[in-house]
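Here you go, one structure.
Labels run A, B, C and D following the written order; every chain starts at residue 1.
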Amino acid sequence: MGRRRNLPIVALAMAVIAVQLLTAAAGKPQYLTQLTMAGYYSLVIVGLTLLMGYTGQISLGHAGFFAIGGYTSGLLTTYNLHPLIGQIPVSILQACGLLVSGKDLYGADLLVVRPWAACVVALLVTIGIAYLVGKPVLKLKGHYLAMATLGFGTIVYKVVLGSSLVGAADGISDIPAFPLFAGLVVTGKSALRAQNYYVAWGLVLGAMALLTNLIRSRVGRALRAIHGAEDAANAMGVDTGRYKLQMFVLSAALAALGGVFLTHYNGGIGPSEASVMKSVRYVAIVAVGGMANLWGALFMGVLLNFLSLRGSFGSYDDAVFGLILLAIMLFAPDGLLRAEFARRLPGLRRGQKAAP
Amino acid sequence: MSLLVVKDLCKRFGGLQAVDNVSFAVASGSIKALIGPNGAGKTTLFNLIFGALLPDSGQVWFDGKQTDGWKPHQVAAAGMARTFQHIRLFPKMSALDNIAVGRHVHSRAGFLASMLGLPWTRREQRAVREKALEIMRFLGVEELADGEATSLAYGQQRIVELGRALACEPKLLLLDEPAAGLNMRETSEMAKLIARIRDTGVTVLLVEHDMTLVMNISDEVLVLSYGEKIADDKPLAIQKHPEVIKVYLGEDDA
Amino acid sequence: MKTPGILATLILASLLGAGATQARGPTIKIGAIFSVTGPAANLGGPEARTLEMLVQEANKRGGIGGSQIELVLKDSASSPEKAISFAKQLIEEDKVFAIIGPSTSGETLKIKGIAEEGKTMLLSCAAAEAIVNPVASYVFKVAPNDSHAARRIFEQMKKMGIAKIGLLSSNTGFGKAGKEQVEKLAPSFGIGIVANEVYEKEATDLTAVVTKLKAANVQAFINWSIEPAQAIVIKNARQVGLSVPVFQSHGFGNIQYAKAAGPAAEGVIFPASRLLVADSLPAGDKQKPVLLKYKQSYEARYHEDASTFGGHAHDALLLLGKAVEKAGGLDKEKVRAALESLQGVVGTAGIFNFSAHDHGGLDMDAFEMQTVKNGKFVVYSDAAAKQ
Amino acid sequence: MSLALLFQYLVAGITYGTIYAIVAIGFNIIYNATGIINFAQGEFVMLGGMIGVTLRALLPMPVAIAGAVIATMLVGALIEMLFIRWLRRPSVLRLIIITIGLSIAIRELALLLWGEGVRALPYFTGTAVTSLSVGDVHISPQVLWVLGISAVMVAALNFFFARTLLGRQMRACACNREAAQLCGISAKNMVTLSFVLSAGIGALAGCVISPITYVQYDSGSSLALKGFTVAILGGLGNSMAAVAAGLLLGTLESFSIWVMPAAYKDVIAISILLLILFVRPSGLFGNAEAARLKDY
């Protein structure tokens, strides 16, 4: 029984492998760079799809969560604790093996937080902030919700832009690679390009597996019910406030995960990752993917980010996303891919039926 | 033994006293009807009982627990279910999925277990589906299972909404104008259905304008006018109640 | 079962095929990453236009090293993530000979390592000293150091007997870099910063900020930014009656701001490249011909005033051309070595003298103290100021 | 802090506040007629300024400003007719996204048309350094222009909505669309009119403030954010309250520089916005029910 359920995930895994082989065969392994980056952005997008498309809660601040993740990990892995050696908190961290020492560019001693620990802290920080922000914000609806999330996103942007601790407008540079396990390292070194592609897409696969399970489950049904008629869902016993909040936090955590990994992959992060335009782009991709269509959003996310990161839109990058938003919302508010797929692949969208 | 007891409930909207010091009880296993002219405060009373609105004062006791101040989902978990005056089905979901949402309080898979797709959550999913189908069979609409709920015929939507409430396996079922918009044949079928539901042991509290339905199936009738209770008695006694005739039946000629 | 995943594969596969570029005749590919749009469009815009113009001109003259130049221009919109992606693309796929740009320090610092790993020359148009310190063998910079600009300002202040100043800067990379240098160098000139404010680059009115300076009784203030705000600042300062000498950074070297501020800009003192005052330089000035030529052709073509930022792009291409000439061919390694040893190349920003330890090449002489007189930039002289 | 300084800050605050308030009034007009928050409102301000500056090169200033206002009004009408009018029962989410898309499109178009350069109209009276001094407090005459024109605008709007047939029809539509339609009012035309009006107000604002703030292709969005904040602070739809809220926020921002770096000025404004949304979504000056009875 589990086999049919997992078919889309298996197909995605095969597609991931096929793309790598194809790029290698076509002599264009460099494409994997942008595909890797697009993969990390996809984590934001699939989370946002569940929040917006399934649960019906708009967020114009998800770039903020991405940035919080990336910046936290970036700051922790570059902030030099060496001058503080001997102080008790630093000693404790050292004793726990959470710190790692090295040399900086100028050859000076460097003592920073281990990437693993930084990653965990980044996720926890994001989850905490998402919880604190989400709790009051998700009580709002419509324009008020849009405005509040936009406000949150703007605050994150202004804070990273105004804080010299995180490099203000320059952002953080020289962020070290992130050794995962078994020799896997998240780094932008071209020699490890294919490996990093698989790390990114492994994460995406994992996220997709979890999320497709989620949308087919009791929780997924409750989320769609909240989207359709919040009061009725509440009357059927769905704790709508809690479900919305959990979904918000989950999507924020996914965004932060993408942020952490991309930051280590890129070796740096700048305020542009937190900008409101970035958040709007994520919304545009979810919309063009079909709002409540996880696969559509994933596909459009990879496609558009891939093209954008390759500079295919030139100076019209933002304009392209603006026009996409307009066109989709005017002519196909349910998304480009949705109508098509709904007809052909009822099993994908209505998980209920696909499960025997 | 009363399943629901309402004591001195009050609710004011700005200058309007929507519910004014209303007290009553619903006996376990009975059908109680709530009638009154438009704007009498019937739906407000429902919302107060269900937790969708907070009362200004007064108490609601359900199944031995004081539930005023609870959120609707807490009330639902305690064993109360409702339908809405204007049908509130979930769009873009099949009829079966709509009814399956009603099983929410009787299932427990959360975010983590669902995401991991643990085997027990799948078993639970199958059980939910079976139960939803069983309810559709009970209502005689199992052929509608895969249709998109909001594109069904109006009468069918009413049935599906009723099924969704039944899926909660409630002790008390609140029906807000279950026959509104139905034709005469559908109305009498609805009446039979409500009686059948009561016979399975579910207590029913309903708001309804159709007096034939009310008088045929109710064990007791409560009459509201301008937020105040003016009568609470057996149907036959209500029909003869002078106050009721004056404020309600008199002008409605029902 | 058909899945979108497979569909994705198919589309990507077709993209792969379409993406292949054809090789043509003897060309040399030069990559450029500029912030043509986005928060640093004021820098990237003129830089991109300059490069496009010069490449065209150079190709008409036969290109460099006997090869036609193919310019691959990328708009990073000041986003480091794009700059990173573009740098890898330019180096690994387009196999460019060298990269000119990016416009901002934040982006440059993020691709410094990539250029080094890819053994591709990077001629950054940003000013941060961290770009060339520590020296990375393939990374150069053509914009003058902020510290030099700050020193020129402080020297001037000493002459004027100023000891107590206010410092304003915008929350951009440019503002941040300048602020750091001013803060660092002030003590060594015996100058105290008594008010220090960072404002938003979108600021529309800075009355409150200048009022704070006024309250602190500063003897002069420095404003370090590239945005419209630098014109707003001086207007607001004059409006609230703050009449102390105003110093600006080289970011002020854009006549549109001086024009926008109108009479408020009169008397503002700032260090900048001689490009701005090319017409009024003495005839013997070494830079004058270069400056005039660039200025005239840019202004004729784009109908806007040439800015020092566009000049950086000019210098980058010029230096690259000289290095190719010196190396006598298009061997990347030889050209890199030649670039590193270039001496006395006259550019718009100043005279470049590179060495293995100095990939910046400019000294304090790159800056000339200037001021605004009758709506025009002129060389500042103490004598003239006293009149 | 001396008294003069205090007043100087107050003047700065009033300047910011008035600018925010005019943008907020533009939001309110469309919101009242349609229930839409027009995320492209800031772009109307930018367009007004840009067109004004462009026309100024050929025409005398008052004519140029009038031309800019009319041109932007046309743009407003065009936008409503092309992108809003024909939608059937659009969801709030859809409208939010459409207006966001519009704002990006207009901004990028402006970049294409005018480039990244910064422009400004000349000061209406005097020059950039002129200021009127009362004791040690200085104020630019342009600020008085902004104040004066805003006051006239608010008065004119009040008159329009209270006294003219068209204004009353718009209010009728805002209160009850169906009923208004039964009385023979074309609700659709009223929506178009609201876009025209609010575009015109935005454009006028853009011209009047441009000598102070300058105008650039992307100057709309940051103004819009402040405009929102003020609109919500005052209670969505209530323009008189928006003026009060604008002055309040402007003054707060102006004084905030004593406690926080100026770079965090926006953070303060937005934090106030969030706080209001959480605690009193109906705004400082409105109560929840009055907010529902949407009045201009």
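Points to keep in mind about this one:
FYI, contacts are C-beta pairs under 8 Å (C-beta built on N, C-alpha and C of every residue); 3 or more make two chains touch, one makes a residue touch a chain.
Everything numeric here is computed off the predicted structure, so don't read it as measured data.
Distance from the centre of chain A peaks at B, each centre being the average of the chain's Cα atoms. When the interfaces A-D and A-C are ranked by C-beta pairs in contact, the top one is A-C.
Relative to the whole-protein C-alpha centroid, the nearest chain centroid is that of A.
Separating the centre of chain A from that of chain D, both taken as means of CA atoms, is a distance of 35 Å. Distance between chain B and chain C, defined via averaged C-alpha coordinates, is recorded as 71 Å. Our note on geometry: chain B versus chain D, Cα centroid distance of 48 Å, whole angstroms. For the pair chain A and chain C, the distance between C-alpha centroids works out to 34 Å.
Under the contact definition stated at the top, the residues of chain D that touch 2 or more other chains are 261, 263, 266. Within chain C, residues 37, 171, 198, 200 each touch two or more of the remaining chains. Shared interface positions of chain A, i.e. residues touching 2 or more other chains, are given as 158, 161-162, 318.
Screening every pair of chains for touch gives A-B, A-C, A-D, C-D. On the chain C side of its complex with chain A, the touching residues are 1-9, 11-13, 16-17, 19-20, 36-39, 74-75, 77-82, 84-86, 88-89, 92-93, 104-107, 109-110, 112-114, 117-118, 128, 134, 171-177, 198, 200.
By the touch rule above, chain A contacts chain D in their complex via residues 52, 56, 58, 60, 136-137, 139-144, 146-148, 150-152, 154-155, 158-159, 161-162, 276-277, 280, 283-284, 287, 316, 318-319, 321-326, 329-330, 333. Only residues 1, 5, 209-211, 213-214, 216-222, 224-225, 227-229, 231-241, 246, 250, 292, 350, 352-353, 355 of chain A touch chain B when the two sit together in their complex. Residues of chain D that touch chain A in their complex: 37, 83, 87, 90-94, 96-98, 100-105, 107-109, 221, 225, 228-229, 232, 236, 261, 263-264, 266-267, 270-271, 273-274, 277-278, 281. Chain B contributes residues 50, 52, 71-73, 76-77, 81-82, 84, 88-94, 96-97, 100-105, 107-111, 114-117, 121-122, 124-126, 128-129, 146, 164-165, 168 to its touches with chain A in the complex.
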